[in-house]
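Structures are listed in the sections that come next.
Paired with chain B in one complex and with chain C in the other, chain A is shared by the two complexes that follow.
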Partner chain A sequence: MATKRKIGKRASTRKQKAATAAPVQSPENINDVRSLLKVLRDGSKPIDVRMAALQSLGAAAFSVADFDSVHADYIAALREVSTDSHEQLRRRALGILMRNKDGYAQKKLLDGLKNSAKALVPPEKALQLLSYDVHAGAYSAARSILKKPPNDEAKREALRLLAADTKSTPLFEKVLRDKKELRVNRQIAASALHSLDPAKLQARARKILLDKSDYSDIKATSLTALEQFGDDGSLAKDKTLLQSVNRFKNSKISAKYKQTARRFLSKYGP
Partner chain B sequence: MDVELHINNSTAPEVRFLTWSPSPCRIRVTNPSGANTPTVSVKIAGVSAASGGSVVFRSGTTGAFSSTVTLTVPVDGTSVSFFAAGKFGQASVNDGDIKIEARVGTTLVGSVPVMVRIRKDANDLTTGERDRFVAAFAKLNNQGLGRFADFRNMHVSVSLPQAHRAPGFLPWHRAYLLDLERELQAIDPSVALPYWRFDKPAPNIFTRDFLGESDAIGTVQFSNSNPLQFWKTDNTPGINRTPDFPTSQAPPGLSNEAQTLALGTQFRAFRGMEGDPHGLAHTSFGGSIQDPATAPKDPLFFLLHCNVDRLWAKWQRKNDRFDAAVAESFDERPTSRSGHRLNDTMWPWNGITSATDPTRPPTAPGGGMAASPAVGAPGPQPRVRDCLDYHGVTDAASDMGFDYDDVRF
Partner chain C sequence: MLGATIEPALSEPQFAALVDALAADPERRGDLISFLREDHPHYGERGAAAIVRMRGWVLLAIARGEVPDDALIFILEELDTGVDPYLVAAAARALRSYPRPTAALAPFVMRALGNIRYRDEPVSFADYGEYAISPTDASAVSEVLATLRWLGPRARDILPQLEPLRAPHGGLPRKLRLDVDRALQAIRSPAPEDEPGTHSCCGTAPNGVRSMSSLPSNSRRGTKQIESIALQDQKGELITFKEYFHGQPSIVVFFYTRCDNPMKCSLTVAKLARVQKLLEVQGLVDRIHTAAITYDPAFDLPERLRVYGQDRGVRMDAGHRMLRVIADNDNDVLRRHFELGVNFIESLVNRHRIEAYILDAQGRIAVSFERLHWDEEQVVIRTVEMLKEKECGSGSQA
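What follows is the complex of A and B.
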């Protein structure tokens, strides 16, 4: 039985009910797919029935032999329901469209970021979906959001989207350095810096570990980054770093972080 | 006196991995001091660490296994063969948690550490197993710069017909998982790909210390110690995954294991599981894993497919469907697309692109199938038929070097 799902604009918890569950099915042929497309488009049907139809259509994309023959109809139906009155259907349809690199969906999302009256989903969701097909238009939207973020999640998603933008290296250095920045954003900055400029990440991660006033969770992220992706030879020779990691291990931190430090020291310590 | 033990016919440490399938082993005397007869009687046994795996032996290619085997070994250095296998139900937890010991009388004359390395239910992994798997996977990804990019690029829109909606779906994905697993084992040989048993609750998988916890918009969050926090695909960091069910429960609406195994005794019927439960497992989420072209961006994809493969393995065991010569073992059709007939090689491992065959994708990422130091199968360019007898039931040389915790040899 499918679960019924309620999504708010900024739901801090996701509520899920298994109440009036609509059955999902695995379509076996194109006629099944066509029937499901009709259900999806039918605004008079209950939302859980339409969501179940969408789930079944997704399964068909994996398994129905000549699904490609109805792919255009599938995309057309998704475009149609991307402006549906039910937000969960809009989110899901836009997600599928963006993963199929649909220009219509991309334009809708960008328009919504520029003009909130046209927004089909919250800005953080729009940015998340735009990351499936990153291009210059999305970067510019993300930078605008960063100048004046409507909420923390939107800022976070803007940072994630910019992680492939080579011009954003200074931004990520700044975010990683800034102790007042939310830790999740510093974590994204660390990840972005590794691929944009690995040497800068290694240097910054080291500084974080040497800095007694920085937070234990970002130290744990830095340790993980160095252990996974650092230069083994340099790390083993870095006595100052190893001493700092030892201090970190012996400080009042969670058992998990102690374990991370212990693992680092057993790999690189004497 | 000293003896040398060969596991998988080698003394190299990288081959000391066993499954439920019999592994060829050898023993020979390397230092005969103290021997005053042409042969010695050597007893071989496994000694397990606490909570470690367990090994069984037999002297020949047939017959029952037992916890020890006694061999008559010439002192002139001639080797004697025997077979070792993991004892079903007792997989290792750590590398080397079993020692295979050889004794002459009570004197220890030789010993090697081995691991019974088995694909397990991801929800039941120890913390150590989980962390090693996650670390190896993150290294393979290397923040988007690593070899994982090839695996991501093997499963994109243009390549979907190579692996889906046709009889080769299960063999192709078996090869795909094995290729990835071998790359993980090149990073950490103690790692085996775990499976997500999607017809049962698996709350331990969807945690910040494992495959992450989804927030309100479906961005997956990891703990600061989890190296998957650096996961990156297609130049974008992070994973998008929105479960349509509470992750303390199983996704609803999918056929369970018993229902899947009851699809039929012929492969033609069984492969309908591509839709249910496989397709429905994918679409129990929003996010990357929901769509065929983006699904492998989420590491959960590989655990989902490991369960799909386990279900196939279990069906094969139940119905004795390892032999490609038996019609019911596969859905062989002359009209099937290239890559979906028993004797076809499979893209991308065959390197064939649209330059020479218009039915193939434009590129073939990743090259040939990764080799295993322990077994020879399925070779660098596996055929569909090479993926059926995965643990060497009809032909020992077909053993691909993996097994599932709940599927016997």
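What follows is the complex of A and C.
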């Protein structure tokens, strides 16, 4: 749970920074966009101003009718600043490029995962960005990270990325089974299994609900999986499961988990 | 648990060096064309962006000399269905090394412009794998416009589509509008006197480019290797290849739901739905089977197949199915039998061509449509011929 706190703290710091950043101007025409591209590229300008220019360009991509006419210049500028000395600018530029499935950004991120001296962003960020494109060819890099994760976030992002890899089903079964594993990772595993092999998730979810020692949030996830995607006929006949869910409902758990259990029992219970 | 990854035999720089060496050797230059086949071993276990860099380099290497006729279909394929700016730019540049420009090439170049103009990117062809980071470099659109200029009067038929791009708010920057002007000027110039036509015929492929091939009954390959493979349909029902494809002609297309090129799988399956409508109109929908088979069977579970087909208007019933193989090895069997133009990184497709097949009543490949967009009516006409062949009994000698 320490992880959740860290993430929350980081998000609130980001919000504070955003609130104090240079004011964002709305570009109205293509000349404004060109000026913003110059500012973005100009390393002598304060970083807050360049970040604001990047944000305005993002808005212009939607709001300026002729933006397509500078699309090539926009991509070139993003590629250029994706290797800037300022990390936050690199992250933002790489993020936009990866949403466009840009080959340059993909190559830089993969190179950085293979050789940390070349890394433009931390491994967890690189994996997150690479996961935007299922065709990025990053499964092998994600598996290498999983073998020796540098931190919990990198492991989590590697799991998220592999959630699209059909060969990773056994990995996700193992993670979901492992009660020592971080719960966020087990939930990612449940979600991945639902996508890759729904029958395996159903079987595992039932086992988790029958296991008195498993955690309530994982049980709630399992219950939702069964309720939403399970076979109605067999669930209604599964007395052992229904007893387990009833026990779960009457245990010391939060109100929302109780509600999940009640919903399940009202659908399948006697 | 964490399966070992197979590394490609050559690194990208080694591949580029090999391509350069072949391009420089007049005796072996022709070998480069085989590098444009998707199933070439060099493309296995690479990410899609790496494939783009590699294929682009091959196209540019071929274009260092005269582009031979055999390479033309690969260039036209990229112009017809490509959405990656680097590859489209490389194809446009390569076409300019083709020694026999004709009016039939113009619609392909214009389609490329339509596919790429909203996703233009700067490109650099100086070194292998180089990405442009300067706005002054060439772009995909500038390469395509240069190719229209090269076609000159042969591109007359596309004038009505090109002219609107001159407008200040036509979505092109001033620099590229100048390129449009130059292209228009070249197109409007008088045609050389010794050249026959400046009009393309119905947007069809130029002479010598074969995107469709048909096999006479006595030279079709048997289906023994593939008859017993089990296929699963969109409802989860199992059926063998023989059970589904023997007894009547069939139309088969290949696709996968994670394809991100809207000009390929999504369009192919939507076109299959159109073929089914044509069969319905002609009262043939119960006499001819159709199938869309996924390249990505591990991911494309029955529910995904059903939704993908349904979203594209595909008729799905006993004679019209979305299919996947269920045993790991069977995907390789299928790939070998159809000689599919596809490659993979692990289990995921990294590149594929457009491909559709007409099978005879014994499940043998009788007609294939590859690379370029196929015409729905032509597919139906050829399938009806297959039906007649069955009724006349001429397809019975295996």
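Operating definition for what follows: the second predicted complex is superposed on the first by the 249 of 270 C-alpha atoms of A that agree within 3 Å, B and C clash if a C-alpha of one lies under 4 Å from a C-alpha of the other, contacts with A are read in each partner's own complex, and residues count from 1 in each chain.
We take it that a contact is a pair of C-beta atoms (placed from the backbone, for glycine too) under 8 Å apart; a residue touches a chain by one contact, two chains touch by 3 or more.
Here the structure is a predicted model, which means the values were calculated and not measured.
By the document's definition of touching, neither partner reaches A:D178: not chain B, not chain C. In the superposed pair of complexes, A:P170 makes contact with chain C only, with no contact to chain B.
Shared-chain residue A:D152: touches no atom of chain B or chain C.
Of the two partner chains placed around the shared chain by superposition, chain B is the only one that A:A225 touches, whereas chain C remains out of contact. Look at A:V70: by the touch rule set out above, it reaches chain C but stays clear of chain B. By the touch criterion defined above, A:S191 lies against chain B but remains apart from chain C after alignment on the C-alpha atoms of chain A.
More chain A residues lie in contact with B than with the other chain of the pair chain B and chain C.
By the document's definition of touching, of the two partners only chain B reaches A:G58; chain C does not.
Looking at the shared chain after the overlay, A:V134 reaches both chain B and chain C. Across the superposed pair, chain B and chain C both touch chain A at residues 65-66, 100, 134, 164.
Those residues of chain A that touch chain B in the shared complex are 1-3, 5, 7-8, 10-14, 16, 18, 21, 23-28, 51-52, 55-56, 58-67, 91-92, 95-96, 99-100, 122, 124-125, 128, 131-132, 134, 153, 156-157, 160-161, 163-164, 183-184, 187-188, 190-192, 194-195, 217-218, 220-221, 223-225, 227-229, 256-257, 259-260. Those residues of chain C lying in contact with chain A across their complex are 1-3, 5, 46-50, 52-53, 84, 86, 117-122, 129, 131-135, 137, 139-141, 169, 171-173, 176, 258, 260, 296, 298-299, 301, 345-348, 350. Those residues of chain A lying in contact with chain C across their complex are 37, 65-66, 68-73, 75-77, 79-80, 100-101, 103-104, 106-107, 110, 133-140, 143, 146-147, 164-167, 170-171, 174, 196, 198. On chain B, the positions that touch chain A within their shared complex are 135, 138-139, 142-145, 157, 164-166, 169, 209, 215-219, 221, 223-227, 229-230, 232, 234-238, 240, 244-246, 252-253, 272, 274-276, 278-280, 282-284, 286-288, 290-294.
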